[in-house]
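Below is one structure, written out as C-alpha cells; comments come after it.
Think of it as A, B, C and D in the order they're written, each chain with its own count starting at 1.
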Amino acid sequence: MINSLWLIPALPLAGATINAIFSRKLPRWLVSVIACGAVGASFVVSLLAFFAMQSTDEHHRVFNVSLFTWIPVADFKVDVAFLLDPLSALMLLVVTGVGFLIHVYSIGYMDAERDDGYGHFFTYLNLFIFSMLMLVLGSNYLLMYVGWELVGLCSYLLISFWFHKPEAASAGKKAFITTRVGDFGFGLGVLLIFTTFGTLDFADIFAHAKLIDQSLITIITLLLFAGAVGKSAQIPLYVWLPDAMEGPTPVSALIHAATMVTAGVYMVARSHALFELSPFSSEVVAWTGALTAIYTATIALVQMDLKRVLAYSTISQLGYMFVAVGIGAYGAGIFHLMTHAFFKALLFLGAGSVMHAMNGIIDMRQLGGLRAKMPRTYITFLAAALAIAGFPFFAGFFSKDEILASAFATGHTAIWVIGLITAGLTAFYIFRAFFLTFHTEPRWTTDDRRPLTEDDSHRSSVNGHRSVHPHESPAVMTIPLAILAVLSVIGGFAGMPKVMGANFLEHYFEPVFKPHDLHLAASTEWMLIGASVAAGLLGIALAYWFYIARPTIPVTLARRFSGIYNLLWHKYWIDEIYSWLFVDKGYRLAMFLWQVLDVKIIDGAANGLGRATAALSRVTRSWQSGYARAYALMMLIATVIVLGWLILR
Amino acid sequence: MSLSVPDLNFRVIAPALIVALTALIVLLAELVTPAPRKRWLGVLGLIGLLIAAGATVGLWGAPASAFGGMVVADNFGLFLTLVILLGAALSILLALDFVRAHRVDQGEYYVLVLFAVVGMILMATATDLIVIFLALELLSLPLYILAAFKRADARSLEAGLKYFLLGAFSSAFFLYGIAFIFGGTGTTNLMKIADALAKNPRNDLLLVGAGLLLVGFAFKVALVPFHWWTPDVYDGAPTAVTAFMSVGVKAAAFGAFFRAFLVALPAFAFDWRIVLAALAVLTMTLGNVAALLQSNVKRMLAYSSIAHAGYILIALVAMGASGLSSALFYLLAYTLTNLGAFGAVIALSDGERERLEIRDWGGAARQYPFIAAMFAIFMLSLAGFPPLAGFTGKFLIFSAAVETGWAWLAVIGVLNSLVSAYFYLRPIVQMYMSEPVPGWDRIRVAPLVALALVLALIGVIALGLYPTPAIVMATGGFLR
Amino acid sequence: MESIPFYFLAALAVLAALGVVVMRDPVYSALALAVVLTALAGLYVLLSAPFLAAAQVMIYAGAILILFVFVIMLLSPGREGDAPRGALKWQRPLAVIFGGALVAQLALVLLMTILPTGRGLYTPEYLAQIGSTQAVGAALFTDYLLPFEITSLLLLVAMVGVIVLAKKKS
Amino acid sequence: MTVNHYIFLSAILFSIGAVGVLIRRNPLIMFMGIELMLNAANLAFVAFSRQLQSIDGQVFVFLILAVAAAEVAVGLAIIVALFRTRQTVNVDDVNALKG
C-alpha cells in the first residue's frame, strides 16, 4: 500500500486535468462527481496508507518512497520522493478528509455559478489539493517548495475567482505581494540549506544538522520561518488573509482556514530537527505566534463582517500553533492544527451556509435570529463555536489546553498568560458572532441598507431586491456540516491530557518527534485545565451577558449620569467594569489596533511595497524613450564605464 | 610560395552546410513557386532543418575541429545547434500561416530565416573571433530585414531601422574589440589567445579588447544597459519574427559569449566576472521591473527575455562545468517556453489583428480553452513555477552560482524570479477570470500553430518533470 | 621618412571625419567621407598593404560611397530637421564628453603599452618581395577559406534582403 | 612611426564616428558614422598586422570590406523603405515604439 503513495496526489491531479479539459463538455453532476471522487479516492488511499503504516513496527514508521531522480546536479541529486511518517500521514488525512467534505459542500454552494466557472472552480480546487499533498508528502525541501509555490498560486487564483469585483482583484494582488515576501525568505532558506548541507533531502539534513554551526542553523531556521510567517499569515505578513475572504467561502474554508495556511506550521514541525538546535529561532517562533494570537483576537472583537471575524480568528489560532511548535510541543501544534481544521472549516462553511440563505449578506448588523430558519446550520455552528471556545471535551478544548499546559511547563509563563487571555477573547468574539447571527432580533427584514460584502454578487445582482427569505441549505451542504460537527465534538479525544487518560497522539508522533513529557504534577495540570476552561466560559458568559441578556447596555450606559444611574447603580456595577474593560477602553484599543496598526501601518506597508515597485517600473519604462540616438548614447556611456573599470583596476 | 590547404573537414560544419544548401534550394525554388504555394517553401526549409538536426546528432560525442581550428563540433556547440534548429523549426511552423495572414507570404522569408540559422550555428560552434564576427553578421543581416519584413507596417520598418542602426553600432564595437585582442596576442583563435595570455597575463590591450567584445555580446543577448533595442524591436517586428529572434539569437550569441570568455579569457576571469555579475543584477532587475506594468504582451515578453538573459548570465559568472550545463539547459527550456508564448499570441490572432494588449486576452480561456491553458503553462514556466522547464533551469543556474560561491547573485536571482511571477500571472488571470472581450470570438486556430504549441508544451513539461536526459546531454563541455 | 606622410594623412583623415559629422548637407558629409577613406588608403600603403589600399578605394570609395550618394539623391533629405524638444536635450554634450572619454581611455592604454615587434613571416620586406596581393590571396584561400565562404553567404543575404525590401508589392 | 600612433589615430576616428552616430538626426549620416567606426577598426587591424609581421590582419580587413558592403546595402534599403514615404529624413521622427 505504501508503494502506491503516489496515487494520493495523482488522483486529484487527474481530476484537475480531466475537468480542465472536459468540464465544458460534461454535465455539471459529472464535473462534481469527478472532482469530489478524485479527492474522496485520495482520502481512501490515505486512510489505507495510514493503516498500513500503523500496522508496522513502531520504530520503523518512516517510509521514503523514491519515484525517480528529478534533477541531477553535479554531485548530488534531487529525487521525486515521498515521505510517509506519522506527521505526514495525519496531514494527509486532514487535507484529503476535510478537503473532500468541502468539495461536496461546494456542489451546493457554487450552484449559482455559470457553467465554465463551475468547472474552473473545481479544477482549481482539485489542483490545490494536489499541490497541498505535494507539499505534505515531499521528502525534500525542493518538493516542499514545489508544493509551497503551487498552493500559493492556487490561493491567488481562487481569491481572485470573482475577478470582476475590484476588491477580489486587489485582495489577490495583496495576497500575492505579501506572501511573496515570505516566500523569498523560504527560498533563501532552502538555498542556504543547499549550500550548507549539499543536499535538500530531509533525512540527510536532519541527520547532519548537529554538525553545523549553531548560528548558521539560526539563520536558516529564521529564513524558513519567514516563509511560514507569510504563508500562515503571522505578524507582520498577515494582512492578506482577511482580504482573502473575497474568495468564495469554500475556498476560505479549505485554503484560508483548514489547510494551506497551516503549511507554515507543518513546515516548522517538519524541520523540527533544525529548530530544536536553535533556541533563539524557537523563541522567535513562539513569541511571534503568541503576539499574533492575542493581537488578531483583539481585532476580531470589533469586526462586523462574519467572515472577517473568522479570518482574524484563523490568524489567531495559527498563532497558537506557532506557540506550540516554538516551545517544542510539536505534537500539540499539529494536534491543534487538526482540530482547528475541523472546527474552523465548519465555522466557515456555516458562514457560507448563512450567506447562501441570505443572498450573500454577511454583515452581522443585517443578520440575527436565524436560529429558527436554519436549525442544522445553527446547531453545527454552535458545535464549532464551543470547540473553538475551548468548551470542555470539545475538540479545541484538548488541543488548546495541551498547548497552554506545554507553555506553562516549559517555563513560558508570559506566553501562557497571553494564551489564556486570548482563549477568553476567542470565546467572546466567537459567541458574539454566534449570538448576533443566530439569536437576537432579526435585522434583515427591516434594514434596507446594501449588504457590505457580496460573496456572490451574481446572485444578489440578479435579485437586486432587499427582502430576503432565509432558508436552510440543501443536504449536500448540511451533511458536510454535520460530519465536521461530529469531528469538532469528538476530534479532541485523540489527544487527551494524561490526567484524563491516554494521550494517543503523543505516542503516535513518537517516530517523528521526541516524546514531549510535560513533567507536571496532576494537580498543576488540573489547575491549568481549570484556568483555560474558566477563561473560555468567562468569554462565553460575557458575550451572552452583553448580546443576549443585556442588549441595551450601551444605551443604558449613555444615560449613566441621569437619575436612573443612582437607582440602578447596584445592579449595574458589573456593567460598569465590563463597559470600561470591554466596551470603552477595550473597544477603543481594538479599534485602534485594527484601524491604525492593521489598516494604516502593516497594510499600508504591503500596499506601499506594491506602489513603490510600480513607480520604479514607470521610471524604468520612461527611459525607453523610443529615440534610437538616445539608446546609442546610453550604450556608449555604459561602454565607457565598463572600459574605465577594466582599465583602472 | 606554396599553398597548403588546412584540414577541410566539412563533416564538422555539416549542420550549417545543410541549412545553407537548403536556403539556396529554397531561394531557387522560390522562382518557380506560384504565389499560393509559397508555404511549401517553408515545408522545404523544415525538412532541411530536420536533416541538419539528424547530422548534428550524428556528430554527437566525437568532438572534432576543422578549418585550422576555426570551428568545432563539440557537445557544447552541438547542443546549441540542436536548440537553434529546434527554435527555427518551431518558428517556421508558427510562420507558415502567419505570413499569409499578414500578407507577407514570400519565399524569401524562409530563405532569410535559414541564412540566419546558418549564422547562428556557426556562431555557436566557432572558435575564432573572426568567424564569430562574420557569423554574427550573417545572423544579424537577415534579422534586420525580417524585422522590417512587413513593409506596409510603419512599426515593422521602425523596428528594422532601430535594430539595424543599433546593431551596426554595436558590431563596430565588437569588431574594434577583436582588433585589440588581435593586437595584444597576434591571433584571433580562442585557444591561442588563452595560450598567449598564459605567457603574458597583464595585457592592457587585451583588457580593452575584452571590454569591447563584452559590449558586442551584451548587445546581442540584450543585457542592461545595452538592451534598449529589444523592447522596441520585439514589439514592432512581425510576431513570428520576434519569436524566432528571441530564441535563436540568444542561443547563438550566448554560445559564443560563453566560449569566448571561458576558453579565451579565463585568465581575466577575476576582472570580467565582477563586471558580468553587475550586469546580471542590472539585467534581471530592470527587465523584471520594467515588465511589471507593461500592458502590451509583446513588450512584456521582450522585457521578460531581457530578464532571462540576466539569469543565464549568472551561469557565465559561475563558470565551471555546472555553470555551463545549466546555461545550456536554460537556453533549451527558454527556447521552448518563449516560442510557446509567442506561438499562443500568434494562434489567437485574428488575421492581422493580434491580441497585443493584455486586456484583449479577457475570457480567452472560455473561448479557446486549450490554447489558453497552454499559454498559461508557458507563462508559469517563464515565471519559474515548478514543475516546469523554467523552474528546473532556474534551479540549476542558481545552484551552480551557489556552488561556486556566488550565492548573493543567486539570492538576487531568486528575488527577481519571485517578483517576475506577478506580471506573468496577469495574462492568466485575465484569461481565466474576466469576461470575454467582444470581437475575438471567431478565430480559427491554424493547425500547424497548434502543433508547434503542443510540441513546445510537451518539451516544457518533460523538461520540468524529467530533466535528467537533457541535463546529461548538456554536460558535454567545450573542446579546448 | 614615414612620419611626414603619416601626419599629413592622419590630419586629413581626422579633419575630414569631423567634416562628416558636422556638415549640414549630407552630400558634403559623403564627400568628406570619401576623403577619409582615401586618406586611409594612403595609410594602408604606408603600412605595406597596397592591395588593401586599392581595394579600399575601389570598394569603399567606388561602390559604397556611390550607393550613399544615390540614396541621398533619392531621398533628397535637404537640411536636418530640428530635434524634438526636451527629450534629447543632453544628447549632444553627453555624446561629445563620452566620445572624448573613450579616446582618453584608449590613449591611456596605448601609453601604458609597448607592443613588441612580432617575429612573423610577413615582414614588410617579404611582403614587398612577394606582393601583398598574393599574400592576402593565398591566406584567403587556405587558412581563411571558411570566413571567405561565410562572407560570400553574407553578400548573398544582402542581395536577397535588398530585393525583398525594394520589390514592388505583387 | 610606431604602431601606437596608428592606433591612436584609429581611436580618434572611432570616437568621431561614434559621436557622429549620436549627434546626427539624419540616418544616412549616422550610418556614415558607423562606417567611420568600421574603418577605424580596419586601420587598427592593418597597423597591428604590420607590427606582428602577420598577414592575418590584412585578410580580416578584406573580409570586413565585404561585410561593410553587405551592411550598407541592407541598411540603405531599410532607410529607403522607411523614409521614401516621409517628408523629412529624421530618425527622431521614428519613435512610435517606446515605453
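Observations, loosely collected:
Rule of thumb we're sticking to: a residue touches a chain if its C-beta (ideal position, glycine included) is under 8 Å from a C-beta of that chain, and two chains touch if they have at least 3 such contacts.
The structure displayed is predicted, hence computed values, not measured ones.
Distance between Cα centroids is largest for the pairing of chain B with A.
Among the chains in view, B has its Cα centre nearest the centre of the complete protein Cα set. By number of C-beta pairs in contact, A-B leads when A-B and B-C are compared. If you average the CA atoms of chain A and of chain B, the two centres end up 44 Å from each other.
Mean C-alpha positions place chain B and chain C at a centre distance of 30 Å. Taking the mean of the C-alpha atoms as each chain's centre, chain B and chain D sit 26 Å apart. Averaged C-alpha coordinates put the centre of chain A at 70 Å from the centre of chain C. Contact of a single residue of chain D with at least two other chains is seen at positions 3, 7, 14, 17-18, 21-23, 25, 30-31, 47-48, 51-52, 54, 56, 63, 67, 70-71, 74, 77-79, 81, 91-92, 94-99. Residue positions 621, 624-630, 632-633, 636-637, 639, 643, 647 of chain A are each in touch with at least two other chains.
Multi-chain contact residues, meaning those touching two or more other chains, occur in chain B at positions 130, 134, 137, 141, 144-145, 148, 151, 161-162, 165, 169, 173, 183, 186, 204, 207-208, 231-232, 294. Interchain contacts join each chain to each other chain, per the touch definition above. Residues of chain D that touch chain A in their complex: 18, 21-23, 25, 30, 91-92, 94-99.
Across the complex, chain C meets chain B through its residues 105-106, 109, 112-113, 115, 118, 120, 130, 134, 138, 141-147, 150-151, 153-154, 156-158, 160-161, 163-165, 167, 169-170. Across the complex, chain B meets chain C through its residues 1, 3-6, 8, 13, 20, 27, 35, 66-68, 70-71, 106, 108, 111-112, 115, 118, 122, 128, 130-131, 134-135, 137-138, 141-142, 144-145, 148-149, 151-152, 183, 186, 204-205, 207-208. Interface residues of chain B facing chain A in the complex, by the touch rule stated above, are 161-162, 165-166, 169-170, 173, 204, 207-208, 210-212, 214-215, 219, 225-226, 228-229, 231-232, 271-272, 275, 286, 289-294, 321-322, 365-366, 369-370, 373, 380, 385-387, 391-392, 395-396, 398-400, 402-403, 407, 410-411, 414-415, 418-419, 421-422, 425, 428-429, 432-435, 465-468, 471-472.
The residues of chain D lying in touch with chain B in their complex are 3, 7, 10, 14, 17-18, 21, 27, 30-31, 34, 37-38, 40-41, 44-45, 47-48, 51-52, 54, 56-57, 60, 63-64, 67, 70-71, 74-75, 77-79, 81-82, 91, 94-99.
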